[in-house]
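So the structure is just underneath, and the comments pick up after that.
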Amino acid sequence: MKGFASDNYAGAHPEVLAAIADANHGHAVSYGDDPWTARAEQLLREHFGQQAVSYLVFNGSAANVLSLRALCRPWESVICAAQAHINVDEGGAPEQIAGIKLQDVPTLDAKLTPEQVERLLVRRGDEHVVQPRVASVTQSTELGTRYSPYELHALAHFAHERGLLLHLDGARLANAAAALDLPLRALTTDVGVDVVSFGGTKNGLLLGEAVVFCNPELADGFKYLRKQTLQLASKGRFIAAQFIALLEGDLWLRNATQANAMAARLAEALLDVPGLRLTQPVQANAVFAVLPASATEQLQRDWAFYTWAEATGEVRLVCSWDTTAEEVDAFAADVRRACNSALTR
Amino acid sequence: MKGFASDNYAGAHPEVLAAIADANHGHAVSYGDDPWTARAEQLLREHFGQQAVSYLVFNGSAANVLSLRALCRPWESVICAAQAHINVDEGGAPEQIAGIKLQDVPTLDAKLTPEQVERLLVRRGDEHVVQPRVASVTQSTELGTRYSPYELHALAHFAHERGLLLHLDGARLANAAAALDLPLRALTTDVGVDVVSFGGTKNGLLLGEAVVFCNPELADGFKYLRKQTLQLASKGRFIAAQFIALLEGDLWLRNATQANAMAARLAEALLDVPGLRLTQPVQANAVFAVLPASATEQLQRDWAFYTWAEATGEVRLVCSWDTTAEEVDAFAADVRRACNSALTR
Amino acid sequence: MKGFASDNYAGAHPEVLAAIADANHGHAVSYGDDPWTARAEQLLREHFGQQAVSYLVFNGSAANVLSLRALCRPWESVICAAQAHINVDEGGAPEQIAGIKLQDVPTLDAKLTPEQVERLLVRRGDEHVVQPRVASVTQSTELGTRYSPYELHALAHFAHERGLLLHLDGARLANAAAALDLPLRALTTDVGVDVVSFGGTKNGLLLGEAVVFCNPELADGFKYLRKQTLQLASKGRFIAAQFIALLEGDLWLRNATQANAMAARLAEALLDVPGLRLTQPVQANAVFAVLPASATEQLQRDWAFYTWAEATGEVRLVCSWDTTAEEVDAFAADVRRACNSALTR
Amino acid sequence: MKGFASDNYAGAHPEVLAAIADANHGHAVSYGDDPWTARAEQLLREHFGQQAVSYLVFNGSAANVLSLRALCRPWESVICAAQAHINVDEGGAPEQIAGIKLQDVPTLDAKLTPEQVERLLVRRGDEHVVQPRVASVTQSTELGTRYSPYELHALAHFAHERGLLLHLDGARLANAAAALDLPLRALTTDVGVDVVSFGGTKNGLLLGEAVVFCNPELADGFKYLRKQTLQLASKGRFIAAQFIALLEGDLWLRNATQANAMAARLAEALLDVPGLRLTQPVQANAVFAVLPASATEQLQRDWAFYTWAEATGEVRLVCSWDTTAEEVDAFAADVRRACNSALTR
C-alpha cells in the first residue's frame, strides 16, 4: 500500500539501515557516551554551526516538548500558529508534560508573523497571566508552506528584541532547506533561531530526532530534562548511526529534494483538473487541495491520503523520500478521472 | 570494547536487524495501525495470556513511568524496594512526569515482601498522606536476584486483598523466566501481576519495550497516555518488527539463557578467587562481588564494568546475550590474577 | 479610596466578621471536621440541592482549578470562552497545576453556546488530540453579562448528550441569581450544571469559596485533591463561619442585590453621556463602556477603575456590596463632566 | 472541647481579630498591592533582616511547596528527615504540584545533620538520578525538638559549600525562637537559612503563612509561582493585617512563650508518672510520651490528643497559645490517675 497519506508512512532509507548494521558490532557505552553519538553531534555542528549543542531523542513530539520545557519557566507561555503540531497533535503533552500554556494565533497559512506575536505581548509583568517567552514556528509548516530566511530573521529579531526566544519545529526542516536550496544553518542559526526540533523520521530514518540548541546557553541542564522526559536511549548508537547516515553525505538533501520534487510534480499535474482547487502554495512536500467529496471517496479506495477538513472537502497529499514519478503520475491521472466523473454525474 | 558493564552495552541480535529490514518495504499506516504491530500484539498475547493488552514504547523508563501513570490517581503512591530502578535511575520521572510519590523500602536483595508492603498501609483514607495503590517489583532485580512464582503470587494476592495493584518492572523478565525455565505468563498473568514493563532492549533489540496489561481493565485510556507521554512511534512497524523477531520463535529465550549461563559460569569461576566475595545469589544475568579496590582499578584498564558501591568496593558484572564463554574465562582469569596481585602486595 | 475597580477591592461585610468572632471560642477539630464546616455544608445543600457535596477552599482560582482537576483525566480538555477567567487570569494554573489544555472560543459577550462547543467536538477517540470533557461557563460573566437558566440548561443538555460535563465559574453567581430573582439551585443543579465554583470573596467575605458538586458522583477522591492542591485550611471553622453568615440568612442576596442595583443605576446615569457608549448589556454588577481616553485619564485621578482594553479605550466599572448611591451619582456626574470636557476641547 | 490535639485546634488571638476589623474600612487595592501588605512585609524585614523578601500565602503546606518549587529545577531533589511534614503530611503535593522527589533520611529526633545530607550527595552530575538541591529542616521539629543556631549554621554552611540551599519549615519557628530566647533572624538569616516557611496559623492567626526569602536572589519570579499555585489572596489586606498584629508588637513571642511554657509544665508534671515515659526532649510546645494503651483510651474520652504511633502507644500532646496552667494541671492529674489505674489493674 503506497500513497500520499504521510511521510511517516514511508519506510527507512536503505542507507540508514546499512548504517545501523555497521554500528552493530561489539559493545558500546550506553546512554549516548559512544563514538557514534559523538560523530552525530559533530555532524550536527557542521550543519547548524560549530556553537550548536545537540541531543538525540526518539520522536518529534518529544523534540518539541523538550525544547519548550528547556526554554520556559513554569509561568511562561509559547505563542504559535493555531495549526501548529504542538497545538493540535501532541495529545496535550505541552500542557501535561511541560505545564506550558500555548497561546495560539489563527492563521491562513500556518505561518506566524511578528505582528501576530506582538498582539499577545500584553500585561507583561502581571502575575495573573502567563508571560510569553517563546514564539514557535514550523518549517516547513503543517500546511506545506514555508518561511523565507528573511521571515525567520524578522521573527527572531523581533522575538529577541522583546525578550522572547524562537523555537523552530523542524520535523520537515530538510524539505524547506532543500526547496530553498539553502544549508540547514541558513534557516536556523544564521537567522537567529534559538532551538530547533530537527526531524529525521519523516526524512528517511526508522526513528530519531534531534534537539539542536543553536544558542548553546539555553542547553543548561538539558541532559537531565531529556532523561527525565523518558527520551534517553540506552543503546544510543543506533539513533546516532541513523543521523550519521543522514548527515555525513547528502542523504538528508536527496531525500528531501525527491519528496519536494514529487509534490511539485503532483501540484502541476493537478493544476488544471476540473473541480479541483489547490488551497495552499506548494512550497515543500505537501499539496493541499479541495475536490468533490465523491471524487475523494472514490480515490480513497485505491490510494491512501487524508481528508484534512471534513467541512470543506480539503485533502492533504504528502510526498515522501520514496515517492516516485510513476506513482505521482498514476495518482494524478486517477484524480483527473475521479473529478471528471464527479462533475459529469 | 566488550565486557560486563551492562546488557545495554551489547548491540542488537542479527535476527532483530533482519526483521527490521524485512519490514522495510513500501508504506505502512503510521502510529501503530500496521500489520507488524498487530502481529506483535498477538505474540504478546500468546506469551502473556489472551486477555493481555499491550502497547509498545521506546524505552524502559517510559514503560515504567507509563505503567504507574496508568495505575495511580494523583494522590496515590507506589511502594518499591529502595534499589528499584524507578527509585534511583529514572531521573525523577515518576515524580515529575507522573506526579507520583514513591514509598521505598530498604532491602538487602532488592526484593519486596508482603510484610514490607503492609507496614506502609497506614493512615488509609487520611487525605494528608498519599494512599498506596501499587506495589512495584523488578524481575529479575537490580541486584541480579529473582522472585519465585510463589513469591510473586504471595505479593499479588496480598496486594489485591488490600486494594493494591502489582506492577512488575520486567526489563530483565526474560532472564528470570529463562532461569526458572518458565514461560513469561507463569511469572506474570498466572501469579496475578497486573501490569508488566516487558523489556526488549536489554535482551537483544535496538530499542523497544512493551507495557503489558495482564489485567486489561487497567488499560482504559492508555493510548492517550502513551501519546501524551511522548512514547508513540510514528513508524511503529520498526519497533513491532523487533518484538516479532524476539517472540515469534525462541530468540527471547535463547538470548536470556545465554546471558544467564554466562553469569553462572562467571560466578563459578570467581567463587574461590581469594579476596573476592560474591554478595548476591546469582539468579539471572548479573554477578555482584566485593574485591580489593586495587584489583578493580587494574581490571578496569582492560575490561568495562561498573563499581556499584564505592564505599564497599562492590562491583556489578552483567552478562549479555552476546557474552561468550571465552570472554568469561578470560575475564575470570584476569580477576584471579588481579586479586592475587592485590593480596600479595 | 473607593471606586469601581473591582468587587474584591471591597472589604468584608460586618456580619461576616461577627460570625468569625462568634466561631472563635475554644478549640475545634482542625481540617474541616468541625461543627461550623458541617453547618456550612448543610447550608450549601439547602441552596444547591440536598444531593450537593461541597468543599471549602481559599480562593476562586483554586475553586476553578480544583473543579477542573476533579473532572478531567490527563488527556481531557476544557472548552471555555476566550475571556474566561480560567483562560486569562489564573496565571497558567490550569495548565501547570492541573495539566489541562483549555480550548478557548472567541466570543463577543464572554458567553458560550452549544454550537461553539460542538465545533470543537472533532477527532474524538483520536489519541493525537486532547479530548474535550468539560465546558466551562462563567455566571455572571467576566463582561457583566449573564446566562439565562434556559441557556444554561441548553448547554448542560448538549454537554451531557455528547459526553461532556458542565462547570460553572460562579465567582459572581450570587449576582446572576439576584438579578434573575432566582435561587442558586435554579441556575445550577436544576439546569444540569455538574460542578460550581461558588464565590464568597467578591460577595462580602474576607476570603473563601466553595466547590459545589451538584453531581455528587464527581466528588470521588476530591478531599485528596483539595489537600494536595494546598487548599485545606487547618482552622476550617473560620472559612465555614463566613459561609454561614452568607447563607444562613439572606446576606448573600442582599449583598449581590445592592451591587447589581448600583451597576444598573450607574448604567442608567451614563446612558446619555455624550462621547460614552456602553459596550455590554448590564446584567449583573459590572458596567463596560468606551469613553474618550482623556476623560478616562482625568477620572482616574479621583476614582479607581480599570481600563479593560487599551486599544479601544474600554473601561470596566464594577459595583460591590458596599457601593452606595451617593458614590454612583458622584462618579456619574464626574464622568459626564470629563466626557463633556473631552469633547469640547 | 479543649485539649492537646494540635496547635491548630486553637482559635485566633483576639488581637488578630481586632486587626482584621481595623483593616476592614473602605476599599483597598486587591492582590497584595495595599498598605497592610506593605506594612507586613516591612515587619517581616525587621524580624528577618532588611534583605528579606516575603510573600504571604494561605497555609503551611503552600508555604513549603512554594518554597521548594522556587528553589528546585525539575531534576533537583530535596533532602529531609523521614518525619518531615513535607514528607508525610502534604498529601503528595511536593511530588504532584512541584514535581520534586524527596530524599528522606531516617532519624530518631526528626533532625537532619550534615553527615546525613552528605551521604546522599552521590552520583552528582549523573542525569539518571535526581540531583540534591535543597536540605529542608523543620524548626521546631515535628517531634517537638529543635535545632540550636549552631546546628542550623553547620547545616547551612555545609549545604552552601556543596551547592545546596537550606529551607526551613518554620510552622513553629516562633516556638523555637521563644524557647531559645532569640530573635527570628538569629535562627534564619543570621545562620544562613535561605528560605523560611514562616508560620502564623499555629501561633494565633485565623490563617496565614509567609514565605520569607532570607536570600532575596532566590525570589526571582516568585510572584508568578504564588499566583499560579493558587496562593494569591484577592483581599490581601486581611492576611497582612494578621501578620501586623503578630509582628508589630510581641504577640508572636507571647503566644509562643505561653505554648512552650505549658509544654514544659506538662512535661514536668508527667515526668514521674508511673508507666509513662517521655520519648523526646521537650524543647518547644509539644510533649511526646509512651503510656499504657488503656490509659490513653480512658483519657481520650475527656481530652483531645492524638496517638502518634499505634505500635508503641506513643502519644503527642501539643500546647497552644491559649493553653492554660489549669488545663495542664487538670490533664496531668488525669494522666496520673489513668496510668495508675492501668498499672494496678
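Note that the chains take the letters A, B, C and D in the order they are written out, and that residue 1 is the start of every chain.
We take it that contacts are C-beta pairs under 8 Å (C-beta built on N, C-alpha and C of every residue); 3 or more make two chains touch, one makes a residue touch a chain.
Because the structure is a prediction, the values reported are computed rather than measured.
On superposing C-alpha atoms, the copy subunit B sits rotated by 180° relative to subunit D, to the nearest 5.
Centroid distances from subunit A, each centroid being the mean of CA atoms, peak for D. With centres set at the average Cα position, the gap from subunit B to subunit D is 42 Å.
Centre-to-centre separation between subunit B and subunit C, using Cα means, comes to 51 Å. Between subunit A and subunit B the centroid-to-centroid distance comes to 34 Å (mean Cα coordinates, whole Å). Chain contacts: subunit B has residues 31, 74-75, 90-92, 96, 127-128, 224, 227-228, 232 touching two or more partner chains. Across the complex, subunit B meets subunit A through its residues 1-3, 5-6, 8-12, 14, 17, 20-21, 23-31, 58-62, 65, 90-93, 96-97, 201-202, 206-207, 224, 227-235, 238-239, 304, 320, 322. Within the complex formed with subunit D, the residues of subunit A that make contact are 31, 69, 73-75, 127-128, 131, 221, 223-228, 232. Interface residues of subunit D, counted against subunit B in their complex, comprise 74-75, 77, 88-92, 94-96, 99-102, 122, 127-130, 310.
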